[in-house]
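Below you'll find the structure I mean.
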Amino acid sequence: MEVTDIRVILAPAISLLCAALVFLAGSNKHWRRFWMLSAATLKLGVVMSMLPGSLQGTVYTWGMIEFTPGIGLAFRADALGMFFAVVSSTLWVITTIYAIGYMTGDEHRVRFFGFFALCVSTTVGLAFAENLLTFFLFYEMLTICTYPLVIHDETPDALKAGRKYLTYTLIGGAFIMVGSVIVYDATGTLSLGHPGILSAELGTRTLLLIFVSLVGGFAVKAAVMPLHGWLPSAMVAPTPVSALLHAVAVVKAGAFGILRTVYNVFGVDLLEDIGFAVPLMWIAAFTILAASLVAIFQDNIKRRLAFSTISQLSYIVLGAALLTPFAATAAIVHIANQAFAKITMFFVAGAIQRTTGKTNVHELAGIGYRMPWTMGAFTVAALSFIGMPLFAGFITKWYLSLGALESGEYWVLAVMIASSLFNAAYFLPIVYLAFFKAPPGTQLRVAEARPTLLISTLVAAAYVIVLGTTAEVPGMPFSLAQAAVHFVFGM
Amino acid sequence: MSAVFDIMLLVFLIVTALAVARAKDLLGAAILFSSYSLMMCLLWQHRGAPDVAMTEAAVGAGITTVLFLVAIGRTTRREK
Amino acid sequence: MKKAFVAALLILTAMPLLIGVAALPPHGDPDTPVHTHISARYLEEGREEAGADNIVTGVLLNYRGLDTAGEVTVIFTALMAGLAVLISHKKQPEGDAAYDAAEAAAEDAPVRAPVSPVVSFVVRLLAPFIALFAVYVIVNGHVTPGGGFQGGAILGALFIALTIVLGRERTRTLMPRLAQPWMQGAALLTFVGVGIVGGALTGYFLGFPADASLHLARKLMMLVLEAGIGLGGAAVFATLFLQMEAE
Amino acid sequence: MAAWPHWLPLVVLAPLLGAVFTPVVSLRSRHVAPWWALAVMSATSVAALFLVLRVASEGPFSYLPGGWQPPYGIELRFDEFSAVISVICLIGWLAVLYSLRYTEWLREVPKQRIPYYYALLLLNLGGMIGFVVTGDLFNLFVFLEILSLSAYALVAFSGEHIAEMAAFKYLLMGAISSLLVLFSVGIIFGITGSLNMADVATRIGQLDSAAPAALALAMLAIGFMVKAAVFPVHIWLPDAHAIAPSPISAVLSGLVVKVGIIGLIRVYQIYYAAGVLDLHTLNQVLVWLGAISIVMGAFFAIFQDDIKLMLAYSTISNVGYIVMGLGLSTNFSVIGGSVHVFNHALIKATLFLAAGALIYRTGYRTLTDLRGIGRSMPLTCIAISIGAISIVGIPPTAGFLCKWYIALGAFEADQPFFGFALIFGALFIFIYYIRMVNAFYFQAPVHPEILEVAEAPLSMLAPTLLLASLCLIMGILGRIPLAFIEPAAARLLAPLGG
Amino acid sequence: MLEALWNNVDYVASVVLFCIGLYIIIAKNNLIKKFLGLNIMETAVFSFIIALGVIDGGDAPIMGAGAHAPFSSPVPQALVLTGIVVAVSTTALALSLIIRIYRQCGTIEADELREME
């Protein structure tokens, strides 16, 4: 059932308006905070208000501009899009609170918050994009809006990282454009349809071209190896930005794009027939393992988290490539699981850096005594990644394994297990260092981070547990993911 | 007879043009160009285009040459 | 290296040109499209239709009047361009007298070698005759070879010769400051004026009445056009010369 | 009003006549000249508006000056491609307004020259209008000369050290290209006995030998490619466009190079209709040259520090898009290419006017010197940013749909390689505009005083912002020009069976 | 081919002159010389166009007493008249520019100017 509903564009519009208001407010921090917080809450409200309908299979649409027949900007909130939107608007609220605390006293705060709001706007726009063109537009806008955030400090390092980031993502964007043009040329439409808009009659060559262009383009932002080079460099950005980049906006935009390509451009059946998904599966599996391995040897906390992100993102890609309902559930739900867990970790890293100035793993010895709550949150997130039951990450791994069994790709199980081990290998030492390795003479005095930082960190960590324990409760993201899967697979 | 005259004119034109190309003295080149124009004017008169011939005489050989002379006077006479 | 490049370029230019022109309809053949298509009509009907014995003038002013209007605009453009490029700081004091470029320049014109008295005498002697000839060429453009433009060029050349012989002070009275822009633009102005009159008479801009009753009007319009073109051409050439000289 | 037949000659003659009167009205005070020019352009714009409305409602129409039926007289032919006069009038009007302060500011320029500047600008605009509305080959050449001569002089106008040399280079190449055009007009007359384009198109097919027609085609194409600054013959453009006064750069880059494109379109109109030659070779050459122009122009632009030089190179690459669109000769690509003639004019004018405002206020023209300017001249820099995203072709700006259509055309013509070239060319363009934005907003100023300068004066800011907003509006309303040009493109390609 | 060329010897001469002009423009260094070359090219084109209009045994297209058919075509002549005016205009502008360049740089040799840039 499709319903025309203004809320579909209201959601991105709120953030857009917020960005404008933030720029207008200038250096007045009270107004700025007021706008940031009220917009974030309002948007969460708007998105949530669509949730009940969406769970029942209602699709909200809003066509905006048609440049020329078949080419225009249009929005549609189906279950998959809603899932992404819910995750990102929830995270926006948390990150805003965190960022307000983190950025206090920074020189370019206005610019930071303005572009921050723009990023969220584009993310929701991406989630609700009805066609490839709208998707591409918001995808590119995301690139542009995150650029000022990456180079926020304006140091030579930051500028260099920004250049690298742009080079990677813009080239990726160009590939998406190529793909879109070919899709339009082949089918005369760009709408993300169901069960996909391509058909086998187009010939393998065209289909391959489209697949490589689109998936290759999205894979840049999804940091699938070997296209991941920008991500560790972009770590120079302030921590809330890293959190946003890694957990919500940028990388998820890429992963989400791959989901859209697989489910709505090609369609599961067609991909099954032509078998393009198999190489993608192998690449994703390789990325999961290789990135984990690299992460083990990183000393800088944020770099270690970055490689962990690369590894985790490929779960989504792998889930999509397996082309079974269970795997799809895993892929979709992992958008949320990874997001909350990873954002927790980044919050922790940021809090530690702001409070103690430490950025490397080996400096963390005994930090758990000083910041027990913060490190507690870190532990929760780490356990989630390792795949402990009761934590969000378990759900992903469980369903992914089911999906692998369903499709007969048993080797994926091995990948899962290895990945869990690697995750343990690079996260648990941190926990161990923090709580059990206090250097002699450490003052065992609790000195937590600022309340804004701490609260948002704890909220994020709480979400990790909630996601892991309440998967079967209706109304939770998991049910939405299942609704999306039902829709995609026509169940 | 007419054909011979024609050919002579054409050959002369080409020779003058080559002379313009060779001349190192710009003033000389300009004068050569003027004679080239006059030759052209003759040719056109002969081709049944008296209007054009007249224009070429007045403008091509006249005004253009004067302008070239002025320009040479204002700049330099020698080509390096 | 450069020589080879030049040679290659020349050969690359010459070969296609030669191949192309060799395949043109034979030179001088009366049955080629050049002679059988529009030219034929001009030659047959042009005398009556266009009102000029000299068909070239008829084509220029009547059939293809807009081309000629464009042509006079081109020389006007050249004048504007020359002035915009040449007027320089040093010679002219700041002020609103923008338009006596030539005049102001004349005041401190470079000292030039005196002209030979023989030349001077001949020029002065011939001046009235040349002027008369120019006027003849202009006025008779529609019956004999010549026309406004040729006459204008002769007039301009005469002006230049006189300036060289007599000096700027004497010749500038021929082009008073206030009249200068009018004279320079005369050609296009008359074109538009005549065009509008013709438009009123025929319903088409730049039209010439073909009615027998209006033959005189047509003659007059052509004459005015020729005169305008001649005056404009002469003024433009004279000003350009003066400006280049002054620089 | 739109039915009044005489708008067509009026729209051509009004600016030319206005130019003739410019020295007259300036006799008393040179300050009258800009206002006069503005008035003339306003009148021309009104005429242009009526003409465009008429062509939109009833399709192409003709005017016969002197009342002679074609091919005996000259025909003024107003078709959809001629509607580019709307952009000519708009940008011309804004350039005049912009020049009001800008010319007075040019220190090297003696004040007495200024009225001639306006006269030349009017002549240039009038020449362009004449060029796009004429239906006669020789008339085309005459108007080409009017606009070229005035363009050469305008380049030299700024009086800067190398301005005259740039102008001379431009003049030399321009004169040769005009000569090629004249030569081929002669050849065409020689084989058809006619000069009227429509008539030529019907007669040129009746030949024994195709060699002269092919020669004429080649020379016309080369001649117009020089004017349009396509790859191997682009060398005059960067200097000329960078050194000219900024409003002139806007006119040159936005409009004058497009004249070459319109010329190419006219050539195609003749030759496609005639069907005498297989144009596949020429098309392929154009597509390749277009692709090379795109990549090369963008590539050189990346390494420029001078902001205007950078914009000049980007013009080369954008002309490459248009030429490629024409060369692909599919419905989509021709529509995209033709509409890009309009849209690129708006975009590039925005960019040059904004760049001019920066130079006007700061006196600096390199990206290094201009660092940090975004903080003190926010509106101008926003205009530049809008222009930048438009020229890259990001939806929903003006540049998007054209490039989309051209790319689509490439895939439609089964030449996907060029689709890739196009999109990756756009990527290059993106990179150098990001360099610019980077310098304006994110890098520490080299000259601290740059943070103190004021926003550009209203007479310069208003045109810039108006054009910038048009870049957005034309993107959102992109289907209007596309739908408008579609019948013309269809007619152009009809003989191909497309 | 050769015979065709011989029949069209006027055209061939024009092409030769055209190429000589082009040669001067490319190979010569002096700006004034280049422009002389351009003028030669221009006259060559004019000559070509005039030759198009020629008819064997033709008279000038002036219908006066004593005129007798056939007449040369008037159209090329009209075109060339316009062309000559255009040529002189271009020359005037070019020479103005050359004068200014000499003023500013003290030379009109292309290579020396290039070095100055």
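Going in written order, the chains are labelled A, B, C, D and E, and every chain counts its residues from 1.
In the analysis below, a residue touches a chain if its C-beta (ideal position, glycine included) is under 8 Å from a C-beta of that chain, and two chains touch if they have at least 3 such contacts.
Bear in mind the structure is a predicted one, so any value in this text is a computation, not a measurement.
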Going only between touching chains, how few steps reach chain B from chain A? 3
So the chain most remote from chain B by C-alpha centre is A
Among all chains, which one's averaged Cα position is nearest the averaged Cα position of every protein chain shown? D
Pair joined by the larger number of C-beta contacts - C-D, A-D: C-D
Farthest chain from chain D, going by the mean of C-alpha atoms per chain? A
Centroid of chain C to centroid of chain E, CA atoms only: how many Å? 17
Centroid distance [mean C-alpha coordinates] between chain C and chain B, Å: 19
Quick one: chain A and chain E, Cα centre-to-centre, how many Å? 70
CA centroids of chain B and chain D: separation to the nearest Å works out as 37
Where chain D touches two or more other chains simultaneously, the residues are 138, 142, 145, 149, 152-153, 156, 164, 167, 189-190, 195
Chain B residues counted as touching two or more neighbouring chains: 49-52, 55, 59, 63, 67, 70-71, 74
Hey, what residues on chain E touch two or more of the other chains? 9-10, 16, 18, 22-23, 48, 51-55, 58, 60-62, 71, 75-77, 79, 81-82, 85-86, 88-90, 92-93, 95, 97-100
Every chain pair meeting the touch definition is listed as A-D, B-C, B-E, C-D, C-E, D-E
Looking at the complex, which residues from chain D come into contact with chain C? 6, 9, 13, 16-17, 19-21, 23-24, 26-30, 63-68, 71-74, 76, 110-117, 119-120, 123, 126-127, 130, 134, 136, 138-139, 142-143, 145-146, 149-150, 152-154, 156-157, 164, 167, 187, 189-195, 203, 209, 211-212, 214-216, 218
Quick one: in the complex, what on chain E touches chain C? 1, 4-5, 7-12, 14-16, 18-19, 22-23, 26-27, 48, 51-56, 58, 60-64, 69-71, 73-79, 81-82, 85-86, 88-90, 92-93, 95-97, 99-100, 103
Of all residues in chain C, those that touch chain D in their complex: 16-17, 19-25, 32-39, 41-42, 62-67, 69-71, 73-74, 76-78, 80-85, 87-89, 92, 94, 96, 98-99, 101, 178, 180-182, 184-185, 188-189, 192, 195, 198-199, 202-208
Touching chain E in the complex: which residues of chain C? 2-3, 6, 9-10, 13-14, 17-19, 21-24, 26-30, 34-35, 38-39, 42-43, 46-47, 53-56, 58-60, 64, 67-68, 70-72, 74-75, 77-79, 81-82, 85-86, 88, 143-145, 149, 240, 243-244, 247
Residue numbers of chain E touching chain D in their complex, please. 18, 22, 25, 31, 34, 38, 41-42, 45, 48-49, 52, 75-76, 79, 82-83, 86, 89-90, 93-94, 97-98, 100-101, 104-105, 113, 116-117
